[in-house]
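What follows is a set of notes on a single structure, which appears directly below.
To keep things simple, chains are lettered A, B, C, D, E and F as they appear, and every chain counts its residues starting from 1.
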Amino acid sequence: MRIRVINPNASASMTAIAEECARAVAAPGTIIEGATNTMGPLSIESHYDEALSVPGLLAEIARGEAEGVDGYVIACFGDPGLDAARELARGPVIGIAEAAMQAASHLGRGFSVVTTLSRTIGRAAELAERYGMDRFCFGLHACEIPVLELEDPKARTVIADACREAVHADNSDAIVLGCAGMADLCEYLTREVGVPVIDGVTAATLTVQSLVTMGLRKSGRGEYARPLPKQYTGILSGFTLDDQEVRS
Amino acid sequence: MRIRVINPNASASMTAIAEECARAVAAPGTIIEGATNTMGPLSIESHYDEALSVPGLLAEIARGEAEGVDGYVIACFGDPGLDAARELARGPVIGIAEAAMQAASHLGRGFSVVTTLSRTIGRAAELAERYGMDRFCFGLHACEIPVLELEDPKARTVIADACREAVHADNSDAIVLGCAGMADLCEYLTREVGVPVIDGVTAATLTVQSLVTMGLRKSGRGEYARPLPKQYTGILSGFTLDDQEVRS
Amino acid sequence: MRIRVINPNASASMTAIAEECARAVAAPGTIIEGATNTMGPLSIESHYDEALSVPGLLAEIARGEAEGVDGYVIACFGDPGLDAARELARGPVIGIAEAAMQAASHLGRGFSVVTTLSRTIGRAAELAERYGMDRFCFGLHACEIPVLELEDPKARTVIADACREAVHADNSDAIVLGCAGMADLCEYLTREVGVPVIDGVTAATLTVQSLVTMGLRKSGRGEYARPLPKQYTGILSGFTLDDQEVRS
Amino acid sequence: MRIRVINPNASASMTAIAEECARAVAAPGTIIEGATNTMGPLSIESHYDEALSVPGLLAEIARGEAEGVDGYVIACFGDPGLDAARELARGPVIGIAEAAMQAASHLGRGFSVVTTLSRTIGRAAELAERYGMDRFCFGLHACEIPVLELEDPKARTVIADACREAVHADNSDAIVLGCAGMADLCEYLTREVGVPVIDGVTAATLTVQSLVTMGLRKSGRGEYARPLPKQYTGILSGFTLDDQEVRS
Amino acid sequence: MRIRVINPNASASMTAIAEECARAVAAPGTIIEGATNTMGPLSIESHYDEALSVPGLLAEIARGEAEGVDGYVIACFGDPGLDAARELARGPVIGIAEAAMQAASHLGRGFSVVTTLSRTIGRAAELAERYGMDRFCFGLHACEIPVLELEDPKARTVIADACREAVHADNSDAIVLGCAGMADLCEYLTREVGVPVIDGVTAATLTVQSLVTMGLRKSGRGEYARPLPKQYTGILSGFTLDDQEVRS
Amino acid sequence: MRIRVINPNASASMTAIAEECARAVAAPGTIIEGATNTMGPLSIESHYDEALSVPGLLAEIARGEAEGVDGYVIACFGDPGLDAARELARGPVIGIAEAAMQAASHLGRGFSVVTTLSRTIGRAAELAERYGMDRFCFGLHACEIPVLELEDPKARTVIADACREAVHADNSDAIVLGCAGMADLCEYLTREVGVPVIDGVTAATLTVQSLVTMGLRKSGRGEYARPLPKQYTGILSGFTLDDQEVRS
């Protein structure tokens, strides 16, 4: 089984972190392949960044389909392009926000999200609602560290403080990390904060692996059927789909 | 006051329809300018199409900002790129779904949406929820006419039938048209169906005009502040924002 | 186009403020006419006051219908008698709470309401829910100034303080003013508070104007059809409707 | 204990029915007193009727307070004037919709409402939501019999048919009767329909009796405190409250 | 009329308190009978305790049915076994949480729950939602006194403090006591706290009495029909139902 | 890693089916152990059955804890005793309803549940809400086959028909099987119905495996902390917990 972990941020070092975390939990026989966005923002910290990360993400899905990949992880907490990616892929596509929140829902009455910049909180709240996880989401908090500074060694203590404050303020049972760039901090934070801390990259990888193991994929009819073939214009003309595409 | 009606579909004839409908309701002194997406799908009928229409939409917003436009209408019922566009623009940006649904909410207990293909219904339902309009939305229905065939003269009777069936099935008080390409059918359908029929292009144009008249624009702080300047890669490198941008 | 701004409070000076604010935003050709309740409370600060303001409001609607008015604004934040007024009027009737909240929904993730007495907060919350705007309403706050003391020059600084505290406590993007008597403070407060401040009289006037421009009015069937003719008794016998009324 | 059953409809024969039904369930020692609205519509079948029934209802509450009544039933399924009545009264005031729906919530997973004219369904749905009973309300149905024709002997079989169809369509466990004028049909309908049928007059009378027995009344502070004394104008000047009123 | 107040806690002294409180409000002619769980936990303070209190509760319902009891109160704020008990009983079965919350819903805009240990708050919140009472429930608070220490004279001042803080924090209009063991503190707390304080044992007793008076009982069909006869194994073999059971 | 699949039904043949389905998807190195309830109903088809299955389930959890089991599946679609089991176990406990619904949420816009008897639908709907999955649950349907007759070869065609009708009626993208006894029909039904069909035993097994792989377990504080030690009486005295229990 091949699972591709696509990083919508155009940052190879963040992809490396995500890839490593995914590989650490994959079952024997599951191959993890990282992929970095080749047309988009270096980091995603606004709706503008997120929207513009999607073409690159979809290009990676299209490439994965051509290469026979079995399932995909979208390694950005805004779960950008999830619906479009599901139309394009034959196998499962899972966002790290949805997987992390679902995992957290099993660990207690509710969780707190700790993310990077406060301007991304609105989107995370929207996703929680979309996934039906808002009833488990007791609060969303920012540590105000930009995505590209997460790898700074000083970041981890700031994040740990934010997690502790979130658990206290929300009376929550778990922490969901709100950025793929925090994936490698899980163990450290669990130890520091005293409640389970969930990284979405790991959770999404296992969700994809489970769905592929069960042979579960979209039905091929309806809303998530393959997009109709259509001409694209301008710099996006490469996204034109034709009729010869194999159907699931 | 200058209002730009941006058509995320790369179809000039659809833009012409939208522009004309907008102009018909604008107040004296309000200038309506149509703009057609130059990098995207000819028509939007899937999540894939919608996602890939957004870069072109954002390019038009950026152009409008450089030209001093006061407000924008997004003339596609999926309201693509709305959040990103709001970050980028100083003045109001309104989607036709949100405007149409809000207008319909004043006309009775609930409305039906009649749209093109059934695969777009999921997105419309999601928007209704996001705008708080799901409590007014009594049903969503498709006439199964592709966007680019709406201009076919035979389309209007099929749509009229779909509207009548929707009113009957949902016991609704109004119809919201689920595609910018139907904008010019409003008068015909109102007469045929016997309940008010709402076109979002018209509604959104007047909403923008009202907000500009009141001097209401986003606060400049928080989630919808201008995106942080950031390098974009690959074919999207033209979307890189720099620091010299004027702030609202 | 004639729009009548009806003040359910029996206070002519408050009507004058509302009328002036409405006139300031109306398009050329739109005639704004103020009307003061002639049978009801001097100010509305309780459910009792609100309920008893409705007969006078409906009398004004009936008068407006006889005089050919095109649409109505209910200039009290409890939106009293809205449903009954809609049954009676052929054209649109808009409450200032619904219009202000809808306008605010376009300006960011959420808004705070700042109103007069805290005992009116329950009703405002109920309206936010009814209009589907509760998801945008991040908090409701009182400045504890009675309606008839809003014109006192000292009131504005108290209100500005309440707005600032509300934005801080709710982390909101806009302020909705919770009383028609605050309509003239909009500009001052926007400047002082640093986020957009929305007055419902202005917003409702433009909503009515937009609906009339689009030719949108209730369908004439169903829940909002004209009330059945019926005998009224006692001091309300003047409200008896007969069969000769023109239907929309 | 004295409980006053106030009929907001200006129809003495409907009051007689309600009074009789209330008396049939009251405990020994509970005195039931009927009261008919003296200023309002003969029957309530629209928002207009409902709004104009409220002054008369409030006049009856004021009279009851002067006479030392312990609690009140509002015998109309729209629960008109409930909030205002609660401000005015020292003891409990219960609407028949809220009482009937709460009683039905104990009898199974969900209930159907069967009411008079379909134009009243919107209001009933709104009340179900307000009381948190929408999750139990599986459907709302009209028998299309006007309120004043409910006493016609032929009405009962039409209503029985509507109840049977409602149970079948909604797969519900009970029927809530949507009009005080149906109060005397409870026994007949229960026998005919085969599920429990709930009359709100009866249910509300027992709810008031229970609350008075427990000594439970509003706190006297906050939203439901007695309305501030205030001048009323025109034909409603008799509703002016003064400062000498006894507080609870 | 015979009402049995079943205490799911295996504590006779708590049963005595509940029985006394129920008797104090029952109408003349209503016989109150207490019953203590004979197979379960001494007190209920966890999901584990609650789950294991249910067989004993159901045994008491079965005994009551054999003895011709008319209705039942479940005297524990988790309302354990409510659905199963309703299947088994012919007459009404009411939990003290549902009855207390419904009573509180008539007394103002919202209530606070004050309960024993904070670990029970999650269940109480779940019940509030299930009964549609979450919209009235402004907050849930623990006084951190274990159930079996409630009878300690020092407990009442701690609880009074918790109630006062809850009213202040939630801006609520009433207190709902979150444990049957607090039933006898109602009068004291109402006096101390200054808002109405509701004990569920009392409220549930009167709700049962009202339903029996109205002749309302489940329909006998559907989800709450008597359980199918079925063999039980091991130590629960005594719960086997046979076919000879009388149906309602 | 050892995962125990506990069947709350006292039916060894159903346990064998569940065990086999779980084993078919477990990763190399994951040991699946089936366990059948030794004190409870032969099958679970009512709230009464479900409540009485819980002590036996908890006894199995206690046994598993003593034997060092890493995680548990509750193999009954009512997810009986889930909260209590989570208090008792150190590792994850997953119900088949929650796991199946979460898996289905990734496969499209919404799913239909197809279960055994219609009287169990209410509980399934309640669970969908509790897990936040009600927004994905487009309908619940019964095939009216009792649990113990599912192994009859004729059952599968009846179930296939019910699945097809459900997809058509709900316009859903997947089927969730509403009973552990249907676990072995997944492949057959997927082929017959043409949409993905999800068995909760399989899904829950993989969810437990994923959580254990990630090292995620409850925090040990708060609502799901180990139950306080407490004396149990009567036939349940064996459930008494003492202080020596190892804490997670």
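The criterion applied here is as follows: a contact is a pair of C-beta atoms (placed from the backbone, for glycine too) under 8 Å apart; a residue touches a chain by one contact, two chains touch by 3 or more.
Since we're looking at a predicted model, the values are computed, not measured.
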Centroid comparison with chain E (C-alpha atoms), farthest chain: B
Homomeric contact chain A-chain F: same or different residue positions, threshold half: same
Interface copy of D-E among A-B, A-F or C-D, judged by whether over half of the contact pairs recur: A-F
Mean-CA-position distance for chain F and chain E (Å): 28
Centroid spacing, where centroids are CA-atom means, of chain B and chain E in whole angstrom: 53
Distance from the mean Cα position of chain F to that of chain B, given in whole angstrom: 45
Touching two or more other chains - residue numbers and ranges from chain E: 109, 122, 222-223
Contact set on chain F toward chain E in their complex: 10, 37-43, 45-52, 54-56, 58, 81, 83-84, 86-88, 118-119, 121-123, 126, 129-130, 146, 222-223, 225, 227-228, 230-236, 238-239, 241
In the complex with chain F, residue positions of chain A that touch it: 25, 27-29, 92, 94, 98, 102-103, 105-109, 131-136, 171, 173-174, 190, 194-196, 198, 202-203, 206-207, 209-211, 213-219, 221-224
